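Chain naming follows the written order as A, B, C and D, and within any one chain the residues start at number 1.
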Amino acid sequence: MATCTASELMTVHAARLLRDGDVVFVGVGLPNLACNLARRTHAPNLVMIYEAGVIGARPARLPLSIGDPTLVTRATSVCSMYDIFTLYLQRGNVDVGFLGGAQIDRFCNINATVIGDYDHPKVRLPGSGGSMEIAGWANRCYIMTPHQKRRFPEKVDFATSAGFLNGRAQREAAGVRGGGPQAVVTNLGFMEPDENGELVLTALHPGVTVEEVKTNTGWDLKVAGNLRITEPPTEDELRLLRELDPQRIYLS
Amino acid sequence: MKESSMSKLCSLKEAIAQNVHDGDCVYAAGFTHLIPFAAGHEIIRQGRKDLTLARATPDLIYDQMVAAGCAKKVIYSYIGNPGVGSLRIIRSALETGRLEFEEYSHFGMISRLQAGASGLPFMPMNQTAATDLERANPQYKRVTDPYSGREVVVVPALTPDVAIIHVQRCDERGNAHIWGILGEQKEAAFAAKRVILTAEEIVPEEIIRSDPNRTLIPEFVVSAVCHVPYCSHPSYTQGYYDRDNAFYLEWDKISETPESVQAWLQEWVYGVADRDEYWQKLGSETHQRLSVPPLYAAPVNYGEY
Amino acid sequence: MATCTASELMTVHAARLLRDGDVVFVGVGLPNLACNLARRTHAPNLVMIYEAGVIGARPARLPLSIGDPTLVTRATSVCSMYDIFTLYLQRGNVDVGFLGGAQIDRFCNINATVIGDYDHPKVRLPGSGGSMEIAGWANRCYIMTPHQKRRFPEKVDFATSAGFLNGRAQREAAGVRGGGPQAVVTNLGFMEPDENGELVLTALHPGVTVEEVKTNTGWDLKVAGNLRITEPPTEDELRLLRELDPQRIYLS
Amino acid sequence: MKESSMSKLCSLKEAIAQNVHDGDCVYAAGFTHLIPFAAGHEIIRQGRKDLTLARATPDLIYDQMVAAGCAKKVIYSYIGNPGVGSLRIIRSALETGRLEFEEYSHFGMISRLQAGASGLPFMPMNQTAATDLERANPQYKRVTDPYSGREVVVVPALTPDVAIIHVQRCDERGNAHIWGILGEQKEAAFAAKRVILTAEEIVPEEIIRSDPNRTLIPEFVVSAVCHVPYCSHPSYTQGYYDRDNAFYLEWDKISETPESVQAWLQEWVYGVADRDEYWQKLGSETHQRLSVPPLYAAPVNYGEY
């Protein structure tokens, strides 16, 4: 089994979740690497779109910001931000969104706004950016994040983006078009929402124990009956991935 | 899966057969420019019935489709023969009640498409003080602006079953460059459930990717891509050929009697297999008359990043 | 005094109403000729915009439709129809609109929809096109039309576009941004709205009598106290105008 | 009046002096691309106060303007150093309450501009199921869709006092070609009451008119036109120079202490007269590092009609 870093492990597993032909709303960093890895392996027809208004990017170098000019040169299309959020995302043309935040809770709601009270916060985070709408309207959403207790509280201080609110029925009542989060990929394994929208442990990476995951999760994490052990990254996947970030800016 | 497997290239005949069904709402887009006449003619040849024909400016193509018995309803904002006068066939069908209709202003019509394209249930518009059309068409409604307490006028999203969009060039997956008058091409493509793209030229992906800001329609809203040069005659394609104003005038005469309309349809629609045959039949004098000397845009440098 | 046709007379007078720097929403036909004449005389900085989405057109030949390709080649900008109606017209960037219709009434309301009842009309006209919004939102509107009784009824059968409704106060109550019609230019003279929004006769072309105008107007037309006689078209104006339409497609 | 009299060319110093006043709401547009740093620095040099700085992504330029004491409020949807991390100065000013703020999602922010640009009082957005920000910011409201009875979320129009827009090229009246990432450039220009255009190149009108579909901003919304090459460094201008990622990383260090921030402002803003001097001061090694080989778009034929 090839050795790899936590970032590499998460990125390879996120890449595998993508399907050929998926239209993916991408950010910089690991999601960008996961998409490019998927394009070079099982999903050559993956279409990457960026909130800056870039569609079908073919970056020749590692993009260092969400508006890197290498995303534009050789792209299929460039449109305004308003068009990206209306014609693409709100209209239902986006299959997959990647989400991230400082906190993700039991029902997979995400906080990227504040730690503490909104008006008098302990920490003011960057804010929603595109994620409020991506979480609502992309067909499927995935989250990649290190598995740490402070990142997984029972309830987020502020729900910037909707997972399943207090349960799947509540999300459905809001009538949003997207299917919501499908999986949280961490360095320990996978958590996926159950029929009620609650995140449960569904897979462990090789060598990880259930106890280890529970210790690093802020609520009493349920474990799926059919708990899987994940397939480790292949040599090929790691080689291709490392070629995408040769200076290990994101893979460190 | 190989990238080439994503090609959507097919004949216009196949594209219409697969994507336009009896009873569909069709939006054959274009504001004077890029009107997909070839697609309208193919729909006539395939004998589609009970279509709802939506479009800001029905133009001759809908007049011809109504004459051929394809339509049960029109949705429009201006029924005229642009630059000439009346659309005799649609007008008469409306006056005698043979054709259902829904009428908007241009902005109302385009706002319906914008809502449809945006995935929104409606679009707001400021009041114009003219309320008669609002009263005549119950699709117009009002909503109170929660900031000022004043009312705005709203129209509901239009999401046609199929949009037909003619473009200057696209790749075989359906990424399309359009220039010149844009009308509602982009909005119709995003609003529709299916999109048939007809193109003057099918070009390698690299041409499209050399100028991404020119790409108004992306592959993943496109169902079929058809290579149909001269698709828009007697309308035009900017940079490719001129508008045939003479034919717009001629139609005003042809459409004076049902007999001459049917004779025209017989000769120019039923009597030809496809657009190639139609274009050849027009003859070299017409080709010459509609040809246009080139005039190129200033270079644009995207940079080799 | 140069002799000229009714169309030439109206077009020259309409051209004179335009100011240098005006942004004008233009149609084909006489309004297009009036704008081009103004550009060649006193208003070189006039900007012509078309509902098709063309801004700053410089037609090299007489445009025969509102979407003629000669309007695009050498134009300043081309945008979508949605943008023309929102960013340009609704936002208040249009100074002047030209309007026309089958009927224009006492309060300058315009009918381009039906003669008779809407559901069972005697004649179904082309419909609003852009005019409903132009009449509401352009800063100033002008109308050019032959002076015939059937075109000037006391009240339109259908108000496609708003003049002053039943009086200026009523238009103001609707809160529309545009100033409404400023003048109706006919082959007999000018009618302009008074303080109540009612069209009154304000000018006669040389040789025309008040009686002649009244006979050709469908209501009891008031005559302004300071009734003017218009300055006839100059040789220069007529020469420039005729150069714009050498085949006399619109000037006949 | 001669056409040349419509030139709006002036120095950036004059443009800022005439168009940006204490207390104004300023929208210095750009999404990573085309950020008008030179204009921000000129505002700092002229000592403007109490500005409301609106922009989806405040980026380093607003961090610098806040550090220089120009701002009393920010309106934003993402406060970060793009690709690097936090905007330390704004974040700290927000956490300590020294800076007022209004927060949206990107779509909320851009919808506010779209409404402002369109002359509409508000824009509707579909629900996202996440309602905490809606509750935290009373500018978010709801309206009932009259067609379905369901609620949509709305935001009010944003009409900044002045927008500052950097473009690749424009003519001296302000007709501007833009390509690459468009962000909210067009919407900000139409939404604002005044527009300052900065351009890499001032070109003859004929260049602009050779490609009208590339013109996103027309002269008549523009108040001032300034020729400011390299205006966007450390951001970039597509086709003209690259993004200076090294500086974005460096700012993360500089902004760790007020002393190093003030020293930086002293050296790079107060200590230089204008952008020319700033660019020369950066030195040939940086110029070299940010230069980009050309890569041109495929030709586009408009036709000599």
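Following the convention adopted for this analysis, a contact is a pair of C-beta atoms (placed from the backbone, for glycine too) under 8 Å apart; a residue touches a chain by one contact, two chains touch by 3 or more.
Computed from a predicted structure; not experimentally measured.
Asks: Using the touch rule from the top, work out which pair, A-D or C-D, shares more C-beta pairs.
Replies: Result of the comparison of A-D and C-D: A-D.
Asks: Just grab the chain with the largest centre-to-centre distance to chain C, centres being mean Cα coordinates.
Replies: A
Asks: Could you grab the centroid distance between chain B and chain C? Build each centroid from C-alpha atoms only and quote it in angstrom.
Replies: Here chain B and chain C have centroids separated by 29 Å.
Asks: Cα centroid separation between chain C and chain D, in whole Å?
Replies: Roughly 39 Å separates the two chain centres.
Asks: Please tell me the distance, in whole Å, between the geometric centres of chain A and chain C computed from their C-alpha atoms.
Replies: 57
Asks: Got the chain B residues that touch at least 2 other chains?
Replies: 119-120, 125-126, 150, 179-180, 182, 186, 213, 238, 242, 292, 295, 302-305
Asks: Note the residues in chain A that touch 2 or more other chains, in rising order.
Replies: Within chain A, residues 54, 68-69, 72-73, 78, 90, 137, 177 contact more than one other chain.
Asks: Per the touch rule above, enumerate the chain pairs that touch, sorted by label.
Replies: Chains touch in the following pairs: A-B, A-D, B-C, B-D, C-D.
Asks: Under the definition above, what is the set of chain D residues touching chain B in their complex?
Replies: 119-126, 141-148, 150, 152, 154, 156, 177, 179-180, 182, 203, 207, 210-211, 213-214, 238-240, 242, 292-305
Asks: Write out the stretch or stretches of chain D touching chain A in their complex.
Replies: Per the touch definition, chain D meets chain A at residues 31-33, 56-57, 76-80, 82-83, 86, 91, 94-95, 103-108, 110-111, 113-114, 125-133, 136, 150, 179-184, 186-187, 236, 238, 242-243, 245, 248, 292, 295.
Asks: In the complex, go through chain B and note every residue touching chain A.
Replies: Interface residues on the chain B side: 1-3, 6, 117-120, 175, 186, 190, 208-209, 212-213, 215-216, 218-221, 302-305.
Asks: Give every residue of chain A touching chain D within the complex, in rising order.
Replies: 28, 51-54, 64-69, 71-73, 78-82, 85, 89-90, 109, 113, 118-119, 121, 123-124, 126-133, 135-137, 158-162, 165, 170-171, 174-177
Asks: Across the complex, what residues on chain A touch chain B?
Replies: By the definition above, chain A touches chain B via 20-21, 23, 44-45, 47, 54-56, 58, 60-61, 68-70, 72-78, 86-87, 90-93, 137, 177.
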